[in-house]
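Presented below are the structures under discussion, each in the form of structure tokens.
Two complexes follow with chain A in common, the first pairing it with chain B and the second with chain C.
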Partner chain A sequence: MHELLLFASVPAHQHHELLQQLAGLTAMQPRHRLERRLIFKAYRKPGLINTRVGASQDLQGNEMQRLNKMLNGGMFYTQVVGSVSEADFGAQLSTAPSGDPDAPMSGTDSGAKFENRPYSYESQPWKLEFRDIPEAGTRSAVTTRLMASASLPRGDITTPMNAWGYSFVTEYVVEGDVFILNDIVIFLHRVLHYPAESPGSHEPRRQLPPFQQMTPLEKTGSYVLQASIAVQDGGNQEMMKTASQHLFGLREQLKSAVRLEQADRLSLDTRAK
Partner chain B sequence: MSESFNLPLHPQTEKRERPDPLPVEIAQINAQYGSFRDVTEESLRAKIEADKSKDSWADEEENDSTSADEDTTERLDQLYKRRAAITQFAHQAHMEAMFALDFVSLLLSKHTPRQAEMSMSAYLKQVAPLGSLNSEIVNPPPKPDSAAKDTKNVSRGWRLQNFNSAAAKLLDSATRLEAEAASETNYWNEVLAVKEKGWKVSRLPRERQALGVQYGFLEATPIFRDRGLAALRRTNDGSLILDKGLIPLKARTVRVRVRSGSQITGCSKHRPASDNNESIESRILQARDTVYEEELFHELVREARILGSQGVTTRQNLVQFPVSEGQEVLLDLVDDDQMSPEDETAQSNEHAVVADALAHAIRILLAYAHRQNLRRRTQLPPPLTPKRRQTPEYQLLRPVMAYLQHSSHVRWLESLLNDMDRILKSAGITCDFTATPFSSLSLQRAVDGLPKVEALVQEFLFPYESIFSAQLVTRQSSFQVKVRTNVTTPPLGTHYEVSVNLPQYPDVRPPNRIGLQHEVASVITHFVLLDILTAITQSKGSPVHASGKQDTSRQLTWEAAYPHNGELLALSSTGQCKKMKVSLSRHELTVRAHSVRGIDGVGKLTADKTPAMSSQTWKSDGTPGQLSLMDFIAEVSKE
Partner chain C sequence: MAAPTHEQLKTLEQSRQRLVQLTRSLASLITSLNQSDPLPSWSSLQSQASIISNNLLSVSDHLSDNRDLLTSLVAYPGPDYPGRTQANTLEQLLRTKLDPRVEDWVARGRKAGVSALEDRSGLAEAELAELWDWAPVEANQEARRRNWGGNYTLEEREMGVQNVVTGLARVLEDEGSESEEEDEEEGEDDEMEIVGVRRQSAGAGFEFDIAPASAAQHHQQKTVEPAVPLEDILRFMTTGAEPGKR
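Presenting the complex of A and B:
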């Protein structure tokens, strides 16, 4: 699957206005999104077979060649994305059953309970998102990259990821709104950092701090507008062309509000060196 | 030819050499002599003769020298004369031009002798020296005062006149502007009024300088979505008109009619016409309703096309589907003014409520489909593929059809069970029927993240199910009938699932799925019959005991000989045999008992019918004073 993208930077003061413009353009209400994003880095496990390359005597089978290619191919950072709700932030504080004398009667306030249910790391659904470095040397004015997504088991994700050869690097939160315009997904978002990075912990958080304590990565609080469109078959030039035409159409429509443009290729480099 | 005699200045060139293209010639011949069809040998010969005698001009031309007619010499004379005249004129013109040139050259030779000399004629050069002619500007004599005054007056008059007309024009435009401003204010007030009513007013995408009002439905099919926008134009007096372009202004409505046999027995109600038809608001509303109705009908037809296998038929402007035997529902799109009560529709109002309910139902379902479209549109889109995404047909007819079909089946089953119940009651047997029609609908069910309205409508899109259960005469036996109707996914249609609990006949199992009503009826009556037989065999004459008679010991005990035929046998101690036949149908329960001598080898009863033959029939109307079944059994059980 391929992904075509255009980006624009949106200053904080324009955010509200742009939200309204986008709502008008797409004829839908914004869908608020909060995502935890964990970054994993691939590493080569020691003790893997490193077969010789180039010796023409031992003809490798097709399967073998593919396996080798996979094992010795480039290493990438990948993201594990889990969507959360605002109630999950700082939830552990409100639900701490500190000496409340009146035990809540069961069944009477199920709705309230539902709202205050603590954030459970164990039942957090995850999705693996792989993004390649954008393709180089394309003449078109959009960012194009290979992408793949897969859903992962719920709960603690580090163990399976470690088993697959990925180590946890860091995590952050993305906050924003999604709009859909035909095939284009418009995501107006910004990156939030957790309050105090404790250097020792090398694990995803099990609890989330209160939302107010999250600080935007960009100190001015500006947002990123990302317009993306996915194409099933990246080899189909026709489809790729249609997709970029759609993006250019959107760029024209938003011209008076924001300037959508291609991203710097190297800034989206996901290769692990 | 002689009239248009033109004169060649040059000697005649050989024109003959120019090859005449054939088509031109043919055309010429056609024009001159008429069609080739008329050319016959005789006519050609006659023509040749005539040509010879006439001695045409062509011959003259060809043999110029040979023909020395008088006419020719005369012509030649004339020719030379005219030629001479022409050359003379030309010479004269040339001479005059030369004179003029000489004059101008002489005049100029004062100032630019060199250039002027070049254009002078030799004769002039000899006669007149260069620069001998000069020119100077002469001041005209001063005009008299009166003339100057006149001019002044005239110019002042002109100016006054111009000022007047300018003032008049300005005044004109002022009034025009005033009127314009008034009508513009009027227009904007009306636009604002429309906007304040909550309509979306925007610029037209095609015509940037015009205002439009959006009244359509964003989630409709694109053709109808785009029709939901009309321009708000201003008439000369400033009032607003709704300009929908080429779309006719007529209001149209989907009409639902129910037809039983050949009679229309119900028609959906006409939408109440708005009280003031002229206000812009009412016109917008009407446009909105019409676009909705037209979309509704479009979608109905689209859906009807895929439902051809289920008896739905479409005409050009009509969709019809059968509900039950002899009953049909007709849907068509009619103009509002055509909806006046027709003689056809006035026949009966038996099903008017049904028709009205159907009309409401399909509209609600379309609104639901719109909501589904919004939901689909705002989901994360799947990756682009060359395959186009098709919008599935909306579920409009299917739920309605399913509902009607289901309720008709349920009503039939209910009446069947009620009939049986009444028969059994009249026979003194109590049987417990419970019916829960539409048990699959649970309107209280809350679906997570779905608005109440949508959850409510969604209930009606699932297959319908109704459950009938009955506690039979004997304690342990019961049966349950599930009626299920499904029109969206196969198996299509209505089918019955009968499950039975008859401990006496554990081998008896009904077919898994029954589709036909009469089969269901026979299955159910059969089970009830089997149950009655069980009850008879188990009766042990208890009712007689209750009635206080003493001879309980002499009661016969019945045994089911051929239960599936409803036959019972009782063998008395005296060796006499009694036979009883029970038959049950929807209309009656009959028990016949008679004594037989014995059973022959084949199992046939050699009945000796003349003696004690007693029978009793119970009908559903329940004639009072009849014996109950058990009493009757007790009666015949006596030896």
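Presenting the complex of A and C:
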């Protein structure tokens, strides 16, 4: 799958107005969306790099090299996305009075799971979203990149991700509204930080803080407008062209409100160095 | 049983022609759906659909017009038919029961037809037509009786604007009653903030020029441009690199 994108920065004061404009343009009410996003980074497993020892010239060399390339060649940042709802935030407020803040973390809480607990990390569904670095040297003025998504098992995701050679980097919450206009998905969103980043914890949170304590990454509260089209067959030039023309059409329609642009390619660089 | 007359042969030939047309337009729809990439535009799909429905109509008209003839016709092999070599074709020609697959289609079609006929809860055709004849005229008359240009009707204003359920989150302005209030407000602000400027008249155009001081401040506060550039936000979203720390 390929993804074609245009971005725009939306100042906070324009957010409400733009929501209205988009609702009018797309003839739909915004779909509010809250997502936890965990960033994972591929790492080199020790013992895999030092395969080329000495100047051995055996016939396996070629195959070995190829294998090596496959294992170590492309290393990327990947995102694991789980959608949550506003009610999930501040869940520990309800569990804290029980005097056992560790309860949800231990494996013995299977009984408690069926209580009316707003957020359960164990049953959080996840989706793996891989995005390649945007294609270079395209003459078209849209950002194009390879994308792939896959569903992941629910619950604790770090263990399987570690097994696949990915380590947890950081996490944040994306808050925003989605509109659909024909084949274009418009996502007006912003990044929220968790309060009081504790440097020691290096795994995803099991509970979410109250929503009010979340602070926007961008202090002035500005939003990012993202318009995207997913194309199943990226090799089909005709489809890619149609899709980017649709995006240009949207850019033209929104011209007086926001300036949709191609993103800086390196800012979307997902390669892990 | 006599051999069919010239007229009757012509009728049969016509049915064949129409069925051929129908299959052709169906086949062209199927190929265009299967092969064209991107999919054909909705307008072309619609025109193809209307061609097919016209073909269907003409077939069905033709069949019902010649019902008497077609039901009385019987096919049987003549003595000179090569029954031994062309047995398959012969079976096809003499077959009176439908293909099981086709039988299913027919059953489904009949069922759909029956359920469509049963759906009689709505208005009858004539009643609908009558309604549509009546509605535009009546709506127009109703519209002419009112004085347009405000957010509220006269009845609503008499009842009290605050009681009206608009279903909107924002508060609608009511020009009629609001102008006096705003004038007063405006007047105070003028005196407090802008000494040199006086209200020339009860000036309606004037009140928009000077926003209340608090609103102006608020506005200023709100129009702060984003401090973090878009690139940094995107970079954080993809790799978790904090803005400014690269």
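Assume the second predicted complex is superposed on the first by the 230 of 273 C-alpha atoms of A that agree within 3 Å, B and C clash if a C-alpha of one lies under 4 Å from a C-alpha of the other, contacts with A are read in each partner's own complex, and residues count from 1 in each chain.
The working rule: a contact is a pair of C-beta atoms (placed from the backbone, for glycine too) under 8 Å apart; a residue touches a chain by one contact, two chains touch by 3 or more.
Please read these numbers as outputs of a predicted model, since none were measured by experiment.
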**Request:** Kindly say whether there is room for both chain B and chain C on chain A in the superposition, answering fit or clash.
**Result:** clash
**Request:** Using the superposition on chain A described above, determine whether A:F7 touches chain B (first), chain C (second), both, or neither.
**Result:** second
**Message:** So in the superposed three-chain picture, is A:V191 touching just chain B, just chain C, both, or none of them (first/second/both/neither)?
**Reply:** second
**Request:** Would you mind checking which one, chain B or chain C, touches more residues on chain A?
**Result:** C
**Request:** Check the residue A:A148 against both partner chains and state whether it touches chain B (first), chain C (second), both, or neither.
**Result:** neither
**Prompt:** Does chain B (first) or chain C (second) touch A:V231, or do both, or does neither?
**Reply:** first
**Prompt:** Does chain B (first) or chain C (second) touch A:R31, or do both, or does neither?
**Reply:** first
**Message:** Output check: A:M239 vs chain B and chain C. Expected answer is one of first, second, both, neither. What do you get?
**Reply:** both
**Item:** First (chain B), second (chain C), both or neither touched by A:N182
**Value:** first
**Asked** Which listed stretch of chain C (2-10, 20-28 or 110-118) steric-clashes with chain B in the superposition?
**Response** 110-118
**Request:** Report, in rising order, the residues of chain A that make contact with chain B in one complex and with chain C in the other.
**Result:** 236, 238-239, 242
**Asked** Okay, in this complex, where on chain A does chain B touch?
**Response** 1, 27-28, 31, 178, 180, 182-185, 229-233, 236, 238-239, 242-243
**Fill in**
chain C partner, complex, touching residues on chain A are 7-9, 11-13, 37, 39, 41, 77, 79, 131, 169-170, 172, 174, 191, 217-220, 222, 224, 236, 238-239, 242, 263-264, 267-270, 272
**Asked** In their shared complex, at which residues does chain B touch chain A?
**Response** 218, 374, 377-386
**Item:** chain C residues within the chain A interface of the complex
**Value:** 37-38, 219, 222-240, 243
